[in-house]
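Okay, so subunit A shows up in both of these, paired with subunit B first and subunit C after.
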Partner chain A sequence: MRIVGPIIAVCALAGIAWLGTGPLSLYTLFGVIIPYCAFAAFVVGFIIRILNWGRSAVPFRIPTTAGQEKSLPWIKQNKLDNPSSKAGVVGRMALEVLFFRSLFRNASTEKTEDGIAIGSAKWLWLFALIFHWSMLIIVLRHFRLFLDPIPAWITALEGLDGMFQIGLPVIYLTDLGIVAGITFLFIRRVVVPRIRYISQTIDYFPLVLLFGIALAGIIMRYFTKVDMSAVKELTLGLVRFTPQATVTEPIFYIHIFLVCCLLVYFPWSKLMHAGGIFLSPTRNMANNSRAVRHVNPWNYEVKKHTYEEYENENWEKMQALGLPLDYEHVKEEEPPAEAEAGAAEGAPEAANTEDSEG
Partner chain B sequence: MKKTGIIAFVVIFCALALLPFAANAISPKAPLELDYNTPAIKSLEEHKCIESTEFMRSSHMQLLDSWRNDVVRNGDIVYTATDGTKYEKSLDDSCLTCHSNPEEFCDKCHSYEGVNPYCWDCHDSFGLWRQNESNEALYQDFLASVEGGQE
Partner chain C sequence: MAKLPNRTEMLDFDFSLPPEGWMDTKTEFKDGMFCHAVKPEKLETVGMPNAHKWSASDEDWGLPENWKEIILQGMADRLEKYRSFKLFMDVCVRCGACADKCHFYMGTGDPKNMPVLRAELLRSVYKRYFTRAGRMFGSLVGARDLTEDVIKEWWYYFYQCTECRRCSAFCPYGIDQAEITIMGRELLNLLGLNTDWIAGPVENCYMRGNHVGLTPPAILDNVEFMMDDLETVTGHHFEPSFNRKGAEILLVCPSGDLFAEPGTFTFMGYIMLLEHLGLDYTLSTYASEGGNFGFFTSNEMAKRLNSKIYAEAERLGVKWILGGECGHMWRLMQQYMDTWNGPADFLEQPVSPITGTVFENAASTKMVHMVEFTADLIYNKKIKLDPSRNDDWVVTFHDSCNTARGMGILEEPRYIIKNVCNHFYEMPDETIREKTLCCGSGSGLNAGENMELRMRGGFPRAEAVRSVVDRFGVNMVANICAIDRAAMPALMDYWNPGVGIVGTHELVGNALVLDENDHRTMNLRQEELPSARKEKEIADAVAAVNGPENGEGGAA
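Take a look at the complex of A and B:
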């Protein structure tokens, strides 16, 4: 059910779009109203998630990352894995976001005849990278539907993506990539017993949904065809706030209805890792704990009773008992020796601190 | 993460999300207008393409693709349209005799839709290649050889 459920759900969603635009012809609902609502839900949901995350406590740097931290001058620091500067953090984050660097270190443990072998497992990294890059390029290419005139970089991207000029319409490499990527990620969950054991409905659903979107798009481009002039009128209408549902092919509405479902689902699902990765505490903070004092921002003022104050209050009794005294004391009548007490008060607290807020 | 970081994140996200709307608000809005003002189309009895306009709009590329394969692989050069009219399966000798202004027709629509067919890489429909005199001579030789060969 964990696997079949999402497949049924996505088929049902596609069925709703087909029913709504095939027999019922509710073009404005599926072409205008639902896309606007879904986009608004996506933007608002995304912002709410970021603000919620922003409110959570991250008081200190987390230095437990691979690589040598900044230390003595003759010890070589690993500047990308364990950066001590902002630039290093940006570099580490960029490599993480663009090339999934920590996934590259993914290892698999296997039982062999004489014990346990730990080998590198690069397949997941490779196919995850293929999938995500394909998805990014496809989304960027889609902006040709929303812009007029079409900027040169989109045209260049299309040319690059279809560079082998196979078939007509030219097959985009990213279309092959996204299908291959999703298929691998899905099969991995199904055939590896341990991963299948921990995979839930919410792990399969996004994969199936994305697969449905890509499949509908591919069918539309390469097989059934749509009237692209009408599509562009619709999409430009949406971004110019002069919406009109000019398209009549149900396959187009199936494609964008599934996209709308994705947009609504996105902020509240695991897909939100797209925004969350930038907030990973082990990735987005420089490890400078040894160089800079980080004060927990919500520390309350601790009520202190120093030994000096204690001795000041009790020194006469202590003296009577013959206990050793650290400070010089004078009888009540005379004013206390101010100079000395002042010097001992308050640790050098303000030196070299940087606020870390939650 | 610091408050300023979170706010910057949200601001950048909003800016990206609103970018297409903003870009369209400032870009000029020119509706696509295709030019049918060619001698061949003007002299048509009925203002129509070889198939229905809807079909041409959505599927002309696949029609051209199958024509290409038919001609190059099977030597089949006659296309019988749904209404019975016969056409030569040729980009230059069919499509472009009627649509003899491809810059104002094919290209205009393609740049609006963001499509870059590579037809013109080889098909010398604009005569650019032949504007070079030595190429013109080559072309005439080629035509003579083709026509002589066919008879």
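Take a look at the complex of A and C:
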């Protein structure tokens, strides 16, 4: 059900788009109103999520250090895996975002009869990278629909993407890449027992949805040709706020309806990793907390056992040992030894701060 | 106590998975895999909430009536206080890259020991009560209700995580299960659900200044004893001072080094070195613990225990602080202390009085790691070393999790070891430095009653050691961590008998040449040195050749 459910759901979504634009011809609804709403929902949702994370404090400087830290001048620091400066952090983050550096470390652990074996495992990294890069380039290529005249960089990108000149229309590498990537990631979830065990419905759903989008796009481009001038009229119209839905092919509306679903779903799902990674405290902080003080905005006073109390409790012993003493000895009986008695009664002050209820 | 399974029994598991999903498997409390429940007195002394008598094997854990409210409110607070917590609850894609990186998973095959599932134990509750999707769609989006069984599951599995951060190194978003475990344990502590093994040292450390609860006379006695041993070995008598005002440097060590072998040998190494250099330093009986089991309890408790270090440095009027070899102690000194209890503006930027090196990396905390200090000495050729004194040992180095993934002290100890030992070999790349495997006993799990857990958790590390034992004849594992020194001897005895554990400064102490007359015959453990043995062999051989002719000693 965790696997079949999302497939049914995505088929149903495609069905809705087909129904709405085939038999019902609700072109303006599916071509204009829903896309505007979805885009707005995406932007607002994305911002809310980022602000929401941003609202939480970063009390401590906790980078996960993955290389030699800055130390003595003659010891070579690993500036990217253990950055001590802003530049280093930017470099580390760029490597994470562009090349999935941490995922590249991946290894696989197998249990043998009398031990364990750690082996190389770069497949996830490779296909994750193919999938994401393909997606990014595809998204960038789509800008041709929203810009007029078409900027040179898009044409160049298209040229690069269609470099091998296979087929007519030219097959884009990224189209192959995204299908291969999603297929790998999906199959991996289904067949690798460990991954299948941790996977939930919400892990299959985005993959199926993205696959649906890619499939509809590929069908449009390579099989049932759509009227591209009508499409461009609509997309440019959307950008210029003069939209006119003259496209009539349901496959096109299936494609953009699924994209709208993705846009709406995106901010409230795990897909927000795209924004979250930039805020991750173990990756976006410099490891310099011994050189530069980090301030915790909610740091508060706590109950301590002071040296004075300590000395008093150990006074006789310390005197006998000839250890230097700071204070006059206060005998237990005189004032009701406050620290201990207070604590035994539940030390209201400390208890309160510990207990978040208080 | 549960009987420890033998090697074959221990390894009789695989990574196969149960047919039913993880949410539907009830936690089974296996003897040997968890610590005793905390005794209420210990919590009361330090003022932790909801102290009560309970036991993990009980059906009823005696939770306070409003336990659910406490947990949910506790979560709400922490989601605001820690961006890490909130973000890590939200962004996991369950790619599974972390799944097989945890030593507890590798050693138990229990799927809930995969970091991603350990996180889901808490994430599922987060989703149910703090996200709209979870409230609306429940288990469809991986959400579940908070029940007493969930609390028990948390307790079992958050005390099967050593907060080692290995998973975090592999996660594409840096999701750090250690951070989530820390939150989980804080929440459990709101209900009085600590372990006794953690709460005991916390109480000791709060009241007496150190985890083992050593009083001033006990500390001085132990140190005197060690100094007598040092005199036996080196012929020199050293008298470190305590609580001395006006010293230049305050030396803070993990109390394990004052307490038991082989930590005591490491301590002897520090003292020999500092005395040999004629440094103006002192120790404190009040700040007699660098380690901090409070960190395994709650942020607040950790801060409370840590406060004495700066307080004592200020009271004694020292210029800077030198810290001994300890893993979690150092993660806190680096990533937390200044934030908690700083700024230490009453101290000065540390400068080595011997080499003049300014420790720029410690400009704010004013605290220097002993291996940084010593590496600097060696680099500047300020001490004379005779590595052959460690020739009986074929050494490898185990990076402790905290210094590796919470600091990045990787080269300093290696540099030292290569200068004080002639035989050093690295374990496989996948198991050292930032990928180091945990000893299996960190974060307060080094108790006796959970020995099976410790042996299982330490198994991947032991395997890596075994590989260098087989290839290079390694017989000694060096480290810079007091927990390693306390916990790894048992691990080695179990998996790799005959392999010993040694603190890096014990190796330094052995190799350190105090003066021209420093002709030692034994190491700090009072075992015969290879040179002495050779001399004896030669003498014996000479005696054997000469013996009969001289007519003395016969055939002896």
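Keep in mind that, in the parts below, the second predicted complex is superposed on the first by the 296 of 358 C-alpha atoms of A that agree within 3 Å, B and C clash if a C-alpha of one lies under 4 Å from a C-alpha of the other, contacts with A are read in each partner's own complex, and residues count from 1 in each chain.
Throughout what follows, contacts are C-beta pairs under 8 Å (C-beta built on N, C-alpha and C of every residue); 3 or more make two chains touch, one makes a residue touch a chain.
This one's a predicted model, so the numbers in the text were calculated from it and none came from an experiment.
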Exercise for review: Examine A:Ala128 and indicate which partner it touches, taking first as subunit B and second as subunit C; both and neither are also allowed.
Suggested key: second
Practice item. In the overlay, work out which of subunit B or subunit C sits against more residues of subunit A. Key: C
Check your understanding: Touching A:Glu158 in the superposition: subunit B (first), subunit C (second), both, neither?
Key -> first
Practice item. Could you look at A:Val58 and tell me whether it touches subunit B, subunit C, both or neither (first, second, both, neither)? Key: both
Exercise for review: For A:Arg144, select first, second, both or neither according to whether it touches subunit B, subunit C, the two together, or no partner.
Suggested key: first
Practice item. Scan A:Pro23 for contacts with subunit B and subunit C and give back first, second, both or neither. Key: neither
Check your understanding: If you lay the two complexes on top of each other, which residues of subunit A touch subunit B in one and subunit C in the other?
Key -> 53-54, 58, 279, 356-357
Revision key, fill the gap. Listed in rising order, the residues of subunit B that touch subunit A in the complex are 1-3, 5-6, 9-10, 13-14, 17, 20-21, 23-25, 27, 29-30, 32, 54, 57-59, 61-62, 64-65, 109, 111-116, 118
Point to revise | Complex contact set, residues of subunit A against subunit C | key: 49, 52-62, 64-72, 74-76, 78, 81-82, 84, 96, 100, 102-103, 105-111, 113-116, 118, 124, 128, 192-195, 197-203, 268-270, 272-273, 276-277, 279-283, 287-296, 298-299, 302-307, 310-311, 313-314, 317-318, 320-321, 323-324, 326, 340, 342-344, 346-347, 349-351, 353-357
Point to revise | Residue ranges of subunit A touching subunit B (in the complex, touch as defined) | key: 39, 43, 46-47, 50-51, 53-54, 58, 143-150, 154-155, 158-159, 165, 167-169, 225-229, 232, 236, 239-241, 275, 278-279, 284, 356-357
